[in-house]
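Following are the structures in question.
Each of the next two complexes has chain A plus one other chain: chain B in the first, chain C in the second.
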Partner chain A sequence: MDWLNGTTIAMLLFAIGATALIVRKDLVVKLLALGLVNSSGILFLISIRFRPEMEAPILPTRAGMPIADPLPQALVLSAIVINFAILALSLVFVMLLVERYHSTDCGRIEHAVEVDRAAPESRSAREDESASRQDEEAR
Partner chain B sequence: MILPLLPLSHIFLGLAAIAWKRSARVTLLVALFLDVGLVAVAFSPAAHLLSPIAAGGWTDAIGIRLALDPLALDFLLLTVLLESAVVVYLWRQRLRSTFVILLQFLVGAVIALVLTQDLFNTYVILELLTLVSFLLVAHDRRTLQIWASLKYLILASVGMSIFLLGVGIVYANVGSLGLAAVARAVAESPNAGWIPLAAALLVAGVSVKAGILTFSLWLPDAHSAAPAAISALLSGLVIKMGVVVLIRLSGVFPLCTILQILGAVTGIGGAIYAMSSKDLKRMLAFHTLSQIGYLLIGIGAASDLAANGVLAYALAHGSFKALLFLAAGAAYDAVGSTDIAELIRSRHRIPLRTRAALLLGTLAIVGLPPFDGYIAKAPLLAAAHGWANQIVLLLVGIGTAASFAKLLPLFRGPYRRVGADPAWWSYVVLALPIVLFLPIERALFGAAFVRPVMNWLIAVESVAVVATGWLVHRIHRRLAVRAPEGLFRLEPGMFAILAGFVTIYVLLRLG
Partner chain C sequence: MKTLVRNILAVVLSLAVFGIVVFDLAIPEEPARVDDSALLAATTGAPNLVSAVYLGARLYDTLFEVLVFTVAVIGVRFYLLRRSSEAPSASIPESHVLQASAQILYPLILILGVYLTCFGHLSPGGGFSGGVVAASGLLLCVMSIGADTVYRRLSGAGIERLEWALPMLIVAACVLPLAFARPALSNLLPVGRAGHLFGSPSILLLNVLIGLKVLIGSWMVLYAFIRHRGEI
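Take a look at the complex of A and B:
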């Protein structure tokens, strides 16, 4: 089982996530897959320059043991925060899309958007929209 | 000492705009003055104040090194130019404070990316740019924008994950993330097994952000759906940040051939799509792709002249693409559509100044002397070696001229005064470098750079390219060929990133 280390699991996670991003149609599932892809990067960063016999680089408990490289583990913190922000924001946008199209199906939304683009909304509709935005600001 | 404060000042000004919503507009002006001051200091005898520094006092091996090198200075000029144009554009408009905050973060991140010499720092800033442009594209909350920016976020995030894997492989083998240390390690053992894989991961990852086919299939939707000022910034500035990273990577890894191949695909692909595009903003977005192709071929040529040509072309492209996007926004405000046929039908409703700006942008982008498109393109034409590169550059030029020939009827009469153009003063700001490019470039890059510009052979070639483009436009209109649009959906985009990565890896492996 020597091959089953952080690096190979990271590759596996990336492959699963990337496949799901292409194959699965549901937007929420796609975002979960995006989470997998992003986590694979994090796992990969942690597992480079680390061997099972190494100590965590916080406070050495056993003298003489090799210590894992602390830099990738510090880097990973920023990556985690970024990935959290990306997932949170994209979920908000999926919510906005669901409100308008009542579907999380990627193909259906894409089709509806393309229809919208081919027949741009009439002038009055745009004015309604800007009026409602002004109301929002007034509030 | 000062360098780390520059990007931070924008972030702080953005936070100040959150605290005092009424002063949001003022923070934009303060930031602009800071940046102009910075460029002035960089050109003055006090330039030693901006000496390179490893942030936090760490050694160069693990610290983040910031440096204002010529590359950074050129893109800083571009940043200041576009920032001033956008600030002037937004000055008279009703602004929401969130918009101002995001704009500050965007400019701050751009400056940070230009200065940084560290791979992981590059990753973080590219992600920050993704997030901020994601929010800015969808700022009006129209459905088109929401979908375009969601697609952008998903694809860019996958790309950045690939980039992160590359960063991990580099760190595992070099033990440092500073570009200088990595370059040393690569130079010491150029045949090490990790180099092709790391280079392929890094290039594929950053290509998603840099507007390179087939990685950046999100670009036409995102750049055409965004509000005018944001389109101008994204196409003029943010997309170049990927190119900056590629330039830096090409100094570390042997990437010349692969960049030329990517440049050819991007340039010709973008030009073909631009020719069959019926929407003005979408056509401009496709053109961003084809012009990125120019830059890649220039980077791949790997000579001093070509390197300066790339910097000059990035600056020139920023000026005329921003001009065209702002004018397209003004035309949309007047007519209510960006469909080219509709714009031509209602051209009497478009203000004269908007049409003049569109005309100036068109003349500059097709590369007619004496405008900056030509002046920046001439060194690239002179520096491209090999018939393949020459032909690609010619084809991209012809494609550009052929697609902009569609706009020609827009400039016919009647010429009547209708309405005011809100963007007039930003046109003036952007027209300055378009018209006065030669002295600027001579000051930046020296007299050797100007020589190809004065070569009458290249001038004749450029004019011939434009004439051929016009002919191609006439033929193409008869044939009415449409390039398939289904390519720009989410799933093909995702697949193209993975396939592109595998292709780059195989090509680098084979040498």
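Take a look at the complex of A and C:
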């Protein structure tokens, strides 16, 4: 089980996240996958400079023990905050898209945007139609 | 008048951030800031080496991290609060079990956030994590007494003005060492005895400022989402 360490788990998580990011159509699922990719990057950066016998980088440590490199940990802190910022902002944009196109499916939204671009005047009619469809679903 | 003041503040803020680079290059650097961990802990006075790195040796990164966070909060508020003024969403009442347990838990979690912020240079923690923990305490507070009550009390305390003042204060804490003929981004206050709460006052100051900034910013994001989607 020597191969099962933070690095390999991070690569596995990255693969899962990137696959979901490409394959799934739902924008919210895409955001969750983006979060997974981000976390896998964080796990990777932390684990490449860490061995199980190392101490946490807080002095004083036990004599003779090697301590983990604090630099990647400090840099990962920026990554976490920026991850939070990206997630919050893109969630807001997804909410705006849902308000306008009543769907989280990126294929449908792209189609609706193309329809809008082809015939801008038909938008209001389509919005009425989607609103009435939503009313029916609510009932 | 208000716009003028705001424009002047914006220009000063951006000039200060870029001035740090210029002055930091102009004034000769202290010898070997990061040589080994003991030296790093001695120059910053923080036994927690992660804090010593991100609030001491690499403070410039952290400065921009705070700015990125500020921009994200501004973006969320701009897009969400502008929309929600048109159609305020109805609030959904919480269950009694959740209300009662949130009421017990939120003071403890707020205190844990304050502890993590203040002892960030001695033990795991720091401004960013402490601020987020305190913000989750505020979220529990919202669950127990309602979002609008919390918002009224906090904005009554002038929390919004503080939110915009905090990035300025953080930049000021980074630039002020220049006034004492030391390089920008170095220790503002003298290093005390290592391993004590006031052993590295400048890191403590920055941690508290960043913790407040993250707490208020996360609360603003939370409140924008709550306003837009009803109670949690």
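One rule holds in what follows: the second predicted complex is superposed on the first by the 117 of 139 C-alpha atoms of A that agree within 3 Å, B and C clash if a C-alpha of one lies under 4 Å from a C-alpha of the other, contacts with A are read in each partner's own complex, and residues count from 1 in each chain.
One rule holds for everything that comes next: a residue touches a chain if its C-beta (ideal position, glycine included) is under 8 Å from a C-beta of that chain, and two chains touch if they have at least 3 such contacts.
This structure is a prediction, so every number in the text was calculated from the model and none was measured.
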Three-chain arrangement built on chain A, chain B and chain C clash or fit: clash
Chain B or chain C, by number of chain A residues touched: B
Chain B versus chain C as contact partner of A:Arg117, first or second or both or neither: first
Touching partner for A:Ser78 - first (chain B), second (chain C), both, neither: both
First, second, both or neither for A:Ile58, with chain B first and chain C second: second
Touched partner set for A:Val28, first chain B, second chain C, both or neither: neither
Which of chain B and chain C A:Leu45 touches, first, second, both or neither: first
Touching partner for A:Ile67 - first (chain B), second (chain C), both, neither: second
Touching partner for A:Ala20 - first (chain B), second (chain C), both, neither: neither
Contacts of A:Met95 with chain B and chain C, given as first, second, both or neither: second
Shared chain A surface residues [contacts with chain B and with chain C]: 71, 75, 78, 82, 85-86, 89, 93, 96
Touching residues on chain B, where the partner in the complex is chain A: 62, 96, 120, 123-124, 127-128, 130-131, 134-135, 138, 141-144, 146-147, 149-150, 153-154, 157-158, 161, 164-165, 167-169, 171-172, 336-337, 339, 489-491, 494-495, 498
Residue ranges of chain A in contact with chain B within the complex: 10, 14, 18, 21-22, 30-31, 34, 37-38, 40-42, 44-45, 48-49, 71-72, 75, 78-79, 82-83, 85-86, 89-90, 93-94, 96-97, 100-101, 106, 109-110, 112-113, 116-117, 120, 123, 126, 129, 137
Complex interface listing, chain A residues touching chain C: 56-60, 67, 70-71, 73-75, 77-78, 80-82, 84-86, 88-89, 91-93, 95-96, 99
Complex contact set, residues of chain C against chain A: 37-38, 41, 47-50, 52-54, 58, 61-62, 65, 68-69, 71-72, 75-76, 79-80, 83, 122-124, 126, 128, 194, 214, 221, 224-225, 228
